[in-house]
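Structure first, commentary second.
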Amino acid sequence: MMFLQVVLTGVLVGSVYSLVAVGLTLVWGLMDIINFAHGDMMMISMYTVFWLYTLLKFDPFVSLPISAGITALLGIVIYKLVIKRVVNAPGLMALLATFGLSLFIRNFAQFLWTPNYRFVGESILSGKRILIADIVIGLPQLIAALGSILMTLLIALFIKRTKTGKAIQATAQSRDIAELMGVNTEKVYAVTFALSGICVGVAGTLLSGIFPVYPEAGAMYGLLAFVIVALGGFGNIWGAFYAGILIGLTEALGGFYLGTQFKYALAFLIYLLVLQFRPKGLFGW
Amino acid sequence: MRKLLVVFAVLLAFTVFAEEVIKIGAIFPLTGPAAATGVKIKYAVEVAQEIINGEHPEIELLLGKSAGLPNLNGAKIQFVFADHQANPELAMAEAERLIRNEGVVALIGCYHSSATKPASQVAEKYGIPFIAGSSSSAALTERGLQWFFRIAPHDGMETVFFFEYLKYLNQKYNANVKKVAVVYIDNEYGVHAAQMVKEKIKDYQADGFSIVADVKYPAGATNVDIEVQKIKGAKPDAIFHASYIGDMTMFVKKYKEFNVVPKVVLSYCGGYQDPQFVINLGKDADYFAGPNATTSALFKKMAILAKINEMYKAKSGVDIDGPTLEDFASAIVIAEAINLAGSTDPQKVLNVLKTGTFMAPYFVSGRIKFGPDGQNIYSASVMTQILDGIYEAVWPEQYQTKEPVPQFPDWNKR
Amino acid sequence: MNEIMKNRMLYLIFAIILILPFVLQDVNFQHITIMFLIFAGLGEGWNIITGFTGQTSFGHAAFFGIGAYTSTIMFYKFGISPWIGMILGALFAAGISAVVSYPCFRLKGHYFAIATLAVAEIIKQLFVSWDYVEGATGISIPVKPDSFWMMQFHKSKIPYFLIAYVLFIVATLVAVAVEKNKMGYYLKAIRESHEAAEALGINTTRYKLYAMMISSAVTAVFGTLYAQYILYIDPFMVFGLDISMKIVLLTVLGGLGSVYGPIIGAAILIPLSEYTRVFLGGTGKGIDLMIYGALIVIVACFEPRGVLGLFRRTKKRGAQYAKTTA
Amino acid sequence: MPRPLLEVQNLTMKFGSLVANDDVSFVVNEGEIVSLIGPNGAGKTTLFNCISGFYKPFSGKVIFDGKDITGKSTHQITSMGLTRTFQIVKPLKDMTVKENVLTGAFLHANSKREAENLTDQVLRMTHLWDKKDMLAGSLTIADKKRLEVARMLATKPKMIMLDEAMAGLNKTEIKEAMELCVNLNKNGMTLLIVEHVMEAIMPISNRVVVLNAGRKIAEGSPQQIINNEEVIKAYLGERYYAKSRQINGGI
């Protein structure tokens, strides 16, 4: 029973990781840019939900389109102002830029909203849970997990089925060829950043009921997302999805049976082990 | 014309007092993961500065009545703030800079014990007093430093306080608390607290106490689901928590979700003491308990504390809490020591700190006196429990504002 | 001829740095100079594996920490001189780096970078949980009377400065020596194309391993100095991602793959972070880090080849100007 | 009796179920120029990769200079004196032309000075001397190909393998490349050339090996190959006749 509960927890936690990672893998796979500010975009989404809740009494689920919209916009702004200028820069310059950006966003949040830890107190879901025999499933977690899966599915469909999605795929394969075929790659990049923003926007909203809102809230999620994206294979949406679940499970099972202090170390270890057998990630070729 | 006179007077005042400003360094985590607490402490120290420098006869502190330090011709105190970002390297660098460049005559800080360690070593090197308000690691006062003092009870004292409280509950309310779980963050603060529990429990095994779970979680955790399931599996009567406000809040939410119902939850000086805990959790915060240097419930009983809190609340928007009050005390004590010494000569100030007893009417203990190791021998804490959203003082009995509730009710019966 | 000219430039930089703390006796300035030397030296070390060899490491804090802990444990537990600890720490770091990076070298590009990050985080967690090294509690290095042999100086910062200075020069010259010899060409060939390097008869795995070992040994040496200078270490401080990233940032900012890069980068980044904190950090509003972050973004956006790129461009422009006017 | 320098024996290479090379055998003798031709996808580059150690063949053997080099790593094979160029050039972009060649020269040089001397020699021989301080990334495609050869020569090989070294070059450039090959050969170098530009290599090759769909379908002198019906069907076609006549006539 306990085992099942632990596995379930791992899957629920992992599916939220997945969504954060899916947003990151889009950008990473397409532009070969490590976005250090990814977790911080999520933090902005959490604050959006928090303020809509505090000032206007919006339920987080009502705020979802707004917060996702704001992070999508933020993604575009980040692309237009910063990423565009460094996307062709040599070496690790793009990384430097996003790192600076992350530092800026975090401290800007502290400047505007103080460093206090805040919570979205009440939502229609808070405190609700499902009991199956001895197994507890928190409704906010369940919704967060389902929302993540749905969102991943939508993104995957978007990439596969729509014209813009195909343009994104083409650009990821080869920017030059895509341009020759008449793809406006700048637009594709901007759209990808917006998509990435929507992912973290939704993830932040879903998390705001169960995770404190504070300027550093995105830090650990951002770090884990790096590992998950690499574990799944850069640019691979479903790879990121399954890798997220795998990391969630590792964290839960490893944490439960070996000691909770090791849970992130174990996630990193899984990455190293898997990459010994699949040097380009679980789903990378 | 009158305006002009006022301006003139102010200018005059400035020129007169300009050279009589005594600088004291205050190093706290003003950015980074612990910035929330650091900024609150900064407000409290600013309140202390106002009380010392302004005329506040309503606050019956030694330095409240007069403007400035009376024994130094009304010299003003200025706290020079520095940020260590929870990084010991920066704490060390800032301590040295404050001493050498800003010319501070004493230091207070640093909240994080890991930052206090190197910073106080710098103070020791330069022969300048260092008073830690809220850093609670027992190791700090075990280093044999001459110039280091600490106001807060250290985690060893807190642990004893916990067991004594549990004994009290068992005796008076027949609470039958025996099995203890220790839940702590994997850093200096948490690990040290847990070590103290493992050490002190030896003295209390005769009373039937035992440790049934030892749950250490990584700093910056994204969730605490697994931790809570481990705790649930161990079925403890009491949980000792060493957690910061963010993690603590997540734990409470998960206790509710997984229906973990211990009898008592006691928290080391950290997240529980932050009033944000009640703001974030509302009713779910009820029945949690922990030692605290102050509580809003005590404001009714302690007029001075209420007045200090008024000033503090005007700045921060929340009531003053324990760690913050302890750092406030460090600011007041160092100013009083300088005043009593009648000079900023470090040796004289040190003598006052080593021998003197300081009135601290804002603490329930009422005074502060440092032992030979620099530790305040009067524990300033009371056991508090959140009842109806208010931190009530529940033990020792003489400070009681309400009786403790020795048994958590079921989560759905709140 | 060109090489001698270049080295002359380097010696000029060395000379300028040497006089700085004697001219400006301000203790905070001295501290900043020491931190500058430590981080410039770390950048030189990191540059060997990432700048020259093209294997991005986000985990150099691991070797920094190993250096810091080796000497500290030996001093704290057995009273052995940190100088000996420094050498042993460098050897340990080289050995451990060889063991952990050998399997990682199969990974390419970002997969390797994330692997180094993972290794560093795992090592950090091991130290946090390791009671013998005091775990999360950290170690306060006992204060001893001033002694060169025990690497402790309390009367003045100048001795620390001089040690940092010498180590920095050693690190820089190691980097120069690597760059100017066969090894440097081999490493750069590996960076440019793995396959072409193999086709040129270069044992890529072996040379990457050499580069990693030299790089981590240099890093560990500065770890020891850092520990002795701060007199306190804990795993979060020396194994943290912050340290790894700081090294990455300053080298990239200065100019990746050049001996001058880390020096320029550290000369900009270290004073910038220290002075913004000193002047604005006390406000508690995060303004200092906001400005710091924004400046990094601006440099990255407008000088994508690093500050060194700017120098090179102006030099070229100057040369062109000279040509057209001549 | 010429001494065989490179022997490929029954080499088979598979990627999953795809057979890229199927039981290929041939010999290159010391001092020869041998061409390896075949239509796109015939498995020429795969064969090159198997010989030069980038791939480990599925079965079969590669013998170089009397030693079995099957499954040895590329750098070992290069140090033994067998080296190659790449179809898609791989210049060390951020290094100068001189540094590119110098990197190769270190292989058998005992000192930096010795390596530098060798580099100068090679640069002059390949007509890259004037461009020695340019960044390799900024060269024209013809110069990049030349640089590939120069870098390789600096490793002092006994035998070199050129992978489509003339593709994408104009007529003059092709001519220069041909001359370089012939010159090298005159100085005792053995060459194995993969090439599409028939006009260029037919006149200079001693022998030609033809691959189609992974199998060797013919081997012989250029004249034999030109007249081999299977080869004509598989690959050359009518067009070649006309063209080769023209060129031969031209020379």
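The chains carry the letters A, B, C and D, assigned in the order they are written, with residues numbered from 1 in each.
Keep in mind that, in the parts below, a contact is a pair of C-beta atoms (placed from the backbone, for glycine too) under 8 Å apart; a residue touches a chain by one contact, two chains touch by 3 or more.
Not measured: the values here are computed from a predicted model.
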{"item": "Chain nearest the overall C-alpha centroid of the shown protein atoms", "value": "C"}
{"item": "Which of A-C and B-C has more C-beta pairs touching across its chains", "value": "A-C"}
{"item": "CA centroid of chain A to CA centroid of chain C, Å", "value": "31"}
{"item": "Separation of mean Cα positions, chain C and chain B [Å, integer]", "value": "38"}
{"item": "Distance from chain D to chain A - Cα centre to Cα centre, in angstrom", "value": "49"}
{"item": "Geometric centre distance via CA averages, chain D-chain C, whole Å", "value": "43"}
{"item": "Set of chain C residues in contact with two or more other chains", "value": "125, 128-129, 257, 286, 288-289"}
{"item": "Chain B residues counted as touching two or more neighbouring chains", "value": "31, 35, 38-39, 186, 218"}
{"item": "Residues on chain A engaged by chain C in the complex (per definition of touch)", "value": "28, 32, 34, 81-82, 85-86, 88-97, 99-108, 110-111, 115, 215, 223, 226-227, 230, 234, 259, 261-262, 264-265, 268-269, 271-272, 275-276, 279-281"}
{"item": "Chain A-facing residues of chain B, complex", "value": "31-33, 35-36, 38-39, 186, 215-218, 220-223, 225-227, 229-230, 233, 245-246, 249-250, 253, 256-259, 276, 280-282"}
{"item": "Touching residues (chain side chain B, partner chain C) in the complex", "value": "28, 30-31, 35, 38-39, 42, 80-83, 85, 87-90, 92-94, 96-97, 100-101, 114, 117-118, 121, 124-125, 137, 139, 143, 186-188, 190-192, 195, 218-219"}
{"item": "In the complex, chain C residues that touch chain D", "value": "181-182, 185-186, 188-189, 191-193, 195-204, 257"}
{"item": "Chain C partner contacts - residues on chain D that touch it in the complex", "value": "52-54, 73-76, 78-79, 83-86, 90-95, 99, 102-104, 106-107, 112, 115, 151-152, 155"}
